[in-house]
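Chains: A, B, C and D, in written order; residue numbering restarts at 1 for each.
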């Protein structure tokens, strides 16, 4: 039985373009996808670059004209991995052309723009996705399943951290990351831990933010310095609709931390500890264990935690970062085929953007705020 | 050469009374103390209990009249380990009698009371101490030394947590811990992590608190329930005078956590990670390590980290909780002998109490506040 | 510039067949391979199965006749992933036809057979490879680099363990793993840790083995039981040619262990600790660190540890098990192109087989033996 | 009710003398001992040193004549902490005088001497003890309890390691540790892990040793070098009487390891992992946990693990190395009072010595041997 083809048009050939291509290719090998994915056309800034990208990434065609990709009736899905500032225009064009649109995070630099995109997606009626790959980890899935099944009892508190160190060096020049529109650590890393927080705990009802610029001046690349307005470390207190409370912290100046996307969830009869530094594990404490035998249990990912078993039949062998991207792609294709709901559509992407902006507004106003979307 | 005697009068014979007695005894064996410590008299609620305590704890005399201990001219040091509500009266009496006074934490349920005690200590001119034993850990000493020596570069952020789980069970009846005067997790556990924060980072200039009652009703022990007004989990954003920022969290409903007194300190060229769960270790990251060889280094406590070597000549053998109390005692006795400044006197105890109350006031007012002391 | 094509013929479509196909596909996406890899033909037991495998694995052709694959002049490389008993016949046929041959481990059930295969490879003059994927881990590469560069000083001792638990259940019936020819834990798992030992420490000169059958009877699947002759846990003392000494242990009854491929290497001025359970890390101790600051350093895999950077530009994101297979494929293709020596050819595969058999012979004879190959 | 006095005579005032004195003092404070322990007399090499030791260690009397201590009818217990070469003479004198004798490990440099001591103890009918403090850890007690209760099912394998690094430096001169009579790592550290092995697994029936001199020459302190005959790293395969098998390794050249006294025990339905580096924890895996929720559980020491609760009422606060010595003393005093069997008497000390010598003989003979005692 042959599967229907799904023709992909990729716009953007940088690191994320390459990662998405890996994701499509790996998903096709690992999963029994509902489609026969065809890497149809890739667009770069010039015809030459587009041709070269087609060659190196394995697309059938390459082009320097992204609009021709959107206009091509053969193409079913537009995959946008260009810099953030271009997401909106390209995604709206794709949706207007009736395509499914897959967009790397963040959806757009501003929530107002993201809202336009989410509204357009509703009108288009096609399937959209924003790339929040951490949520595709089987162990995050296990955490959510355990919380929902009541294995921790009533959930009371959450603490989440996303810390890296790529902006630690104060002599690193001012860059797009420091741009007031769309830059800052809350948008870049805070968005990830906010997505995890709501994935596990449900909607945030109210929050209090604290956004800090720890390195107030950076070289301007012309021999002088430039004032930095964006945040280097951002914290927030959280109230969830469920009544639980929590906090998040995002930092890109956490010297020594390479990928600390960590959380702890405490319930009335159990708890979970997770660290992306060992992301094939989840630590679980249960008060149901006998006295004198209680302790955090290091659960290693295995076939008991789908879709791990599709990658490897034996437990403990471990998935890698790129494997998470393959899961992300597979789930999106299932949604396109109507087999499952969209795992993280534009409306969810908008929600994250709104949470980020609410934190920044709250920090500025020095008071608790509710997200408005 | 014989040493001068230091006669100790202990008031209170509960768990902390026992722990202090261990501390005096162990300090005398481990350290070359400036005094010959004499366990002179212990007071309990009745003459019989006092006599029994003298026997079991190894004091020369026992009594049911704590005031006679304070009045006894043979006694040099009054050690107060009674319930918090009695600290003030006893400590003031001891100071009025010209004694050194050692008081278990918290100094008093209210900062206003603690202030009276600190002022009285100034007038008395004797040496005082509040029992913050975590700070006596050689690895906390190492952390402070490394920070002060600039081994981490400019210090930027701090995150501290003190979490335990002894109040997790919602069927546990309302108790003194839930009393609005002096109860609550910020006072009980938050005080510890605030002390650590200022010990390492210097004074907190401003803070924003979030105090949460997660279990709003508890059994009243009479078949009904009683509303809980005190905090179960409390968080705060911190601004240090140095310009660094940070946060703390205190929780006594962190199911599975038995003694999580943890911190992370990030500087411009290094970082420290510490967990009380493995308190004979400090993890250190240095950007000065060669590329491809960088990583958090697990430093194990040893003779290179005084006063570890007095307990054991070999590294890695580990101190226990009671050993920290012996260090606390030894440092206090050095201060009494004029060999070193008071490590944690009543004024510092007052400061911690004020920080706790500022967090609670800030949470109530939902705005940033500065500690007033 | 177009690359020369390399046409692959795969024999065997089970889990390892799938994993190899992933490896070829992922290698082509991640690496700048010297060839344009063409998944030409896959052979299964019947024509139908072959066709289905071609469809699901993405090969151009499928067949039920593996000999036709070997005979096909279009095909450059024969990839053998069938059960161990078939390796020799297929590999010899491939070599006789002048093909490169890639064979899953173990090369053959008996060293005598493996020797025939290695000799045939020498005669054929083509490139061969045995699938020892653990060695492809960038952190194992780092360990070897550090040892060779003298960062640990003179190397003195090694301890290696490969432990899993898939044979723990004594009610699990007798299987091919328990077959005296080719079965047993020394062959199945010991081979991996022996390969690691020689990769890091150089040749083993002499050894003393201890092979133990811990579960002496297993169900025969017909209601009775059958005696087990093969080893469940095997240990060996090792003397390396360098003068260093060490030990290995292999167990498939290590309840709770899913993938413990661990080693520790101690030198005169440094040490390494590695665990496959966290295989994106290597722990390094250096006596050159200042006193009071020494400790095992947790180095996380990143672009400083090639070829990690081809998978991900940022450190700490982690490779997965399947990524190691892609590295294995890429290195083999470089060897075929003459750009690098064969990373693990049939002669090395024979060596491992000989070491396994020497351990078993030594255990039986209860005396130290030298490997004869 | 007053307790009978137990008068202690200590011979030897070095580090172990101090540690034993801590142990007596701490035991008296922590436990409800059956005796009122009196630190009666301490003997050193001269009268002056003896007097000074009495002063610093808190003994009533000091002397330069150890024989007078043994002869003193007031003294009930002789505690021998002198260098190993003196153990036999002093212990035999103490036993001949009808005293209880407590002797630091190893009992004597040679098993033949240890046998004389054990026989003398039998004749004397008093209580003896050898100082194996690691076994006093509540978590080791828990491990034994779990094994005996069948919580791991049928016990199959054991792996034990005791590794430190105090002999790593090859420029460190030849010392008593390198002396063929009584020196070597098997005697110094191997004894500890052998004691743990038999404590948990029962008697060793047969073994195969491998004793290695890794640093064959050391400075002789006179400008030349001296050949080293003793072992730096020693390994052994073990057969237990129960049918289980295992191994131990002892190394004093494990660069970076300060106190690695580790073991893993695997049973048919569970496993334990322990490391002295975190000796207030025991990791437990149970196959009885539900599928997808299995993992090694980090059990933290607490009041559920006696006698922890006598040191601290709250879990997770941690015992230190010196606390283990207090437990060792308390158990010995219970044995003297007839309330419990001797935890580790001279006969057990002899057994360990015999195991050490059997390993060395086995290594020399290159064949499996049975311990003869």
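Here is the rule we go by: a residue touches a chain if its C-beta (ideal position, glycine included) is under 8 Å from a C-beta of that chain, and two chains touch if they have at least 3 such contacts.
According to UniProt, the chain labels map to these proteins: A, B, C, D = Putative dehydrogenase.
For clarity, every value in this text was computed on a predicted model and none was experimentally measured.
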Go through B-C and B-D and name the pair with more C-beta contacts between its chains.
B-D
From the centre of subunit A, which chain's CA centre is farthest?
D
What's the distance between the Cα centroids of subunit B and subunit D, rounded to whole Å?
35
Counting in whole Å, what is the centre-to-centre distance of subunit B and subunit C, each centre being its mean C-alpha position?
54
Pull out every residue in subunit B that's touching 2 or more other chains.
257, 294-296, 300, 302
Within their complex, state which residues of subunit D touch subunit A.
142, 281, 283-284, 289, 291-300, 302, 304-305
Subunit C residues within the subunit D interface of the complex:
152, 156-157, 159, 161, 168, 170, 208, 210, 212, 214, 232-233, 235, 237, 245, 247, 249, 251, 253-257, 264, 266-271, 285, 287, 294-296, 366-368
Listed in rising order, the residues of subunit D that touch subunit B in the complex are 15, 18, 21-22, 25-26, 28-30, 57-58, 164, 166, 257-259, 277-279, 300, 302, 311-323
